[in-house]
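The letters A, B, C and D name the chains in turn, as written, and every chain counts its residues from 1.
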Amino acid sequence: MSFVHHTPVRFAHVDAAGIVFYPRFFEMLNAAVEDWFAALGRDFRALHLEDRIGTPTVRLEADFLAPAMLGDELAITLTPVKVGNSSCTYRFDFSVGGAPKLKGEGVLVCMDLHAQRSRPWPEAIAASLRAALP
Amino acid sequence: MSFVHHTPVRFAHVDAAGIVFYPRFFEMLNAAVEDWFAALGRDFRALHLEDRIGTPTVRLEADFLAPAMLGDELAITLTPVKVGNSSCTYRFDFSVGGAPKLKGEGVLVCMDLHAQRSRPWPEAIAASLRAALP
Amino acid sequence: MSFVHHTPVRFAHVDAAGIVFYPRFFEMLNAAVEDWFAALGRDFRALHLEDRIGTPTVRLEADFLAPAMLGDELAITLTPVKVGNSSCTYRFDFSVGGAPKLKGEGVLVCMDLHAQRSRPWPEAIAASLRAALP
Amino acid sequence: MSFVHHTPVRFAHVDAAGIVFYPRFFEMLNAAVEDWFAALGRDFRALHLEDRIGTPTVRLEADFLAPAMLGDELAITLTPVKVGNSSCTYRFDFSVGGAPKLKGEGVLVCMDLHAQRSRPWPEAIAASLRAALP
């Protein structure tokens, strides 16, 4: 099952041409991933500060299909497509009123922040991610 | 009457010490002001793109009272304290669960984006701002 | 010939784990592209404000190879790999003291900001881009 | 003696009106403070990661005097005006080709990141700050 996060295009996101400056899309994407993990059962505060687990992005690809403008209401849909032992590939789609704006894939890795190396997903997160596979 | 805007402290907001990097507070403040103007009757898209009116900040002062952490739910309260012909001084208070984090004042100016100079507030906005004075 | 841009990893770039928050890499990449265009003969101010030409990114892919830390001195190397009539595919490599951190490709499109559609590169820029092909 | 830091106004800094979005001025200010501390003898990486010392801003006031535009070359001048046991008040002035854009004052506090409370400046930094008083 996909996770959907909603966010307005704010003044802080747009550039001199009045459209979203593309690095801001990735800030929005990260916020969506944050809320996704909370929905999966473990929020970023608990994950980072208590479990000392990070989820760095190790690969990203994106196609920018159409500009998004100040005031647009973006829907960001996240769908896991492959869940490994210590990684997760997910698809993302940004749209405004059904019109696609941005799509792509990212790969997250489960990282032990203390040891600074990858580690298996905690059992509960792995189970939630797998349950969300399409 | 004050306007209250809610925002989580996200991963994108915090620094190496795990607390909000202070320029991010002003991005949040700007988002709050954006939503405030929408609530006052004219959203930033219409204001900037249709009316060609900007609301630059010409003065700002802030006291950072306590750090805000990843996962905190910030309430940002905005209260106009002085409404001029083409400016507005407002107070802002950031708190988490009632505990104050940041307070200060900002001065916005109503600007004609075409002429690049200040202009009187549109009648309806001036009326809404005055109605919100404490 | 490749273009090399240098930038320190600043406090503003790092996250709670003390490493660069990945959307900041794309802000740095955009700064590098800005300086590249200035070196190619037309800076972003002239391009955007005088020529009314934008260079939006329409595709991006990146592999994050190793974390970059506060205080690292990043070298960002840009190399065009394909120059079309109105687009340019370029490779980017981020490294610190020769150690690779991030690599990928981006596709820029030359856009007429007034008409809001793609247009051919200005002659001089096209020539500079082609001259830089490896 | 004042410290001067130079930075271009980049595409990432400007808003839909083509001028610097004011929270970006504070990102630039933080970069200037970073370089100032390096010049004072202790860079932010060593300070934060080795000494476990942070320098949070506890107060800030700023007057935005004139807009800064894409491509402007900003000079940011920092001058300490009061050096306390564990704090430092400094003045900042942003200008472009001598024309003032932004001025104000900030108060930094020396913080023990482990204990999460203020502590005296390290001897060498205190001496450098005092030597720089006008």
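We take it that a contact is a pair of C-beta atoms (placed from the backbone, for glycine too) under 8 Å apart; a residue touches a chain by one contact, two chains touch by 3 or more.
Because the structure is a prediction, the values reported are computed rather than measured.
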| item | value |
| --- | --- |
| Shared interface numbering between chain D and chain A [over half = same, under half = different] | same |
| Reference chain A; chain at largest CA-centroid distance | D |
| Interchain centroid distance [CA atoms averaged], chain C/chain D, Å | 27 |
| Between chain D and chain A, distance of the C-alpha-averaged centres to the nearest whole Å | 33 |
| Chain centre separation (chain A, chain C; CA means) in Å | 23 |
| Contacts with 2+ other chains: residues of chain C | 11-12, 16, 18, 21, 23, 27, 30, 48-49, 70 |
| Interface residues, chain C side, partner chain A - complex | 16-17, 19, 21-24, 26-27, 29-30, 48-49, 54, 56-64, 67, 113 |
| Contact footprint of chain C on chain B as seen in their complex | 11-12, 14-16, 18, 21, 23, 70 |
| Residues of chain B touching chain A in the complex | 10-12, 18, 27, 30-31, 34, 43-46, 48-49, 69-71 |
